[in-house]
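After the structure tokens below, expect a handful of questions from me.
Every chain is named by a letter (A, B and C) in the order it is written, and numbering of its residues begins at 1.
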Amino acid sequence: MIELEIRTARHRDMVDVTRRLQSALRDENVAGTGTVTVWVPHTTAAVTVNENADPDVQHDLLAGWEAMLPDVRFHHAEGNSDAHLLASLIGTSVTVPVVDGGLRLGTWQGIYLVELDGPRSRRLWVVPSVVTR
Amino acid sequence: MIELEIRTARHRDMVDVTRRLQSALRDENVAGTGTVTVWVPHTTAAVTVNENADPDVQHDLLAGWEAMLPDVRFHHAEGNSDAHLLASLIGTSVTVPVVDGGLRLGTWQGIYLVELDGPRSRRLWVVPSVVTR
Amino acid sequence: MIELEIRTARHRDMVDVTRRLQSALRDENVAGTGTVTVWVPHTTAAVTVNENADPDVQHDLLAGWEAMLPDVRFHHAEGNSDAHLLASLIGTSVTVPVVDGGLRLGTWQGIYLVELDGPRSRRLWVVPSVVTR
């Protein structure tokens, strides 16, 4: 298992981690075909896959999730239940195709760490289910 | 990795791909027990698992997602940020149990490609993490 | 593939299944590093990962999802389309890191079966993608 550290910059944020994941697979000499599971070991952050071309898409995703938050009186004393709620909808991990040791994504796809209660330093766990040389 | 091509018929659509996935595993002589990751290499489509018996469920899912879309002024010039938003909530892939080389699903479960900005021709990548004969 | 049976207690409910999953991996002598896929073979229940410390978080998640449900006239005659809708947003499964045969989770993470149309008896399928002794 590989651990990456990702710095987020705002309260809600999306950080493109695709290149860092590619490098991590290369550094660990991952080879062969299979999948890699990218897991965020936090409960107020998430991982998602979406468009990597126009940064407006990331803006719109964050704005859209914000606007979907319901007007509920939450009980959790830390006051960040909105972050927990979005984390469980967006998801704690993605399992991504790997071909010849590299991530295999669609043309416009990038992998994003989604910060929902930052800014903070976050970890990302990377677990390949392919042959390791 | 196996690639399937799926034709969608409407702007929002759900296409049951369960049989095509079963055939693909058979054609590729996938054997053994493990999982298969079903991945949509697009950012305005998704993959989900839901009821395959009553077509009203698919109607209700599409109607429900539509009604959940927030009234936000999106920036992305292509005008399909609603599709990107739902794609990241429904999810880009599913990782499904495989037993003796075949998909293992609950009685009422089917696997669906969810079209969010169609109609189009979509691809589906199928990555088994089981023994191949 | 391991099958667990989980009893839920309310119409909407979250049941922490982390310990039962850990025991199941131990009982089956799962060893090595990789992932395990936890799959709910139902279409009105889901699996998620979230905070296991303060039970208020589970309360807030259930209250939040409830409040996000749109006011739509559903067609499905069983009257539980709201449960199908949330199931596809929260997700049918999670694929979790395994290190040395045990679940590897963040400090505050627990794995939850999410009941959306109970109370009922539910099944959970556990598919390790790691070496078995």
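We adopt the following convention: a contact is a pair of C-beta atoms (placed from the backbone, for glycine too) under 8 Å apart; a residue touches a chain by one contact, two chains touch by 3 or more.
From a predicted model like this one, the values you see are computed outputs, not experimental measurements.
> Since subunit A and subunit B share one sequence, what rotation angle in degrees maps the C-alpha trace of one onto the other, as a multiple of 5?
It is a rotation of 120 degrees, to the nearest 5.
> Between copies subunit B and subunit C, are the contact residues mostly the same numbers or mostly different, with half as the line?
At the contact between subunit B and subunit C, which are copies of one sequence, the residues are largely different (under half shared).
> How many angstrom lie between the centres of subunit B and subunit C, each centre taken as the mean Cα position?
20
> Tell me, which residues of subunit B touch at least two other chains?
Touching at least two other chains: 68, 89, 91, 95, 129.
> Taking the touch rule as given, give the residues of subunit B at its contact with subunit A in the complex, in rising order.
Those residues of subunit B that touch subunit A are 1, 37, 39-43, 68-72, 74-78, 81-82, 84-85, 87-89, 91-93, 95, 123, 125, 127, 129.
> Under the stated contact criterion, what part of subunit C meets subunit A in this complex?
So the residues of subunit C in touch with subunit A come to 33-35, 48-51, 54, 56-57, 59-61, 63-65, 67-68, 89-91, 94-99, 104-109, 129.
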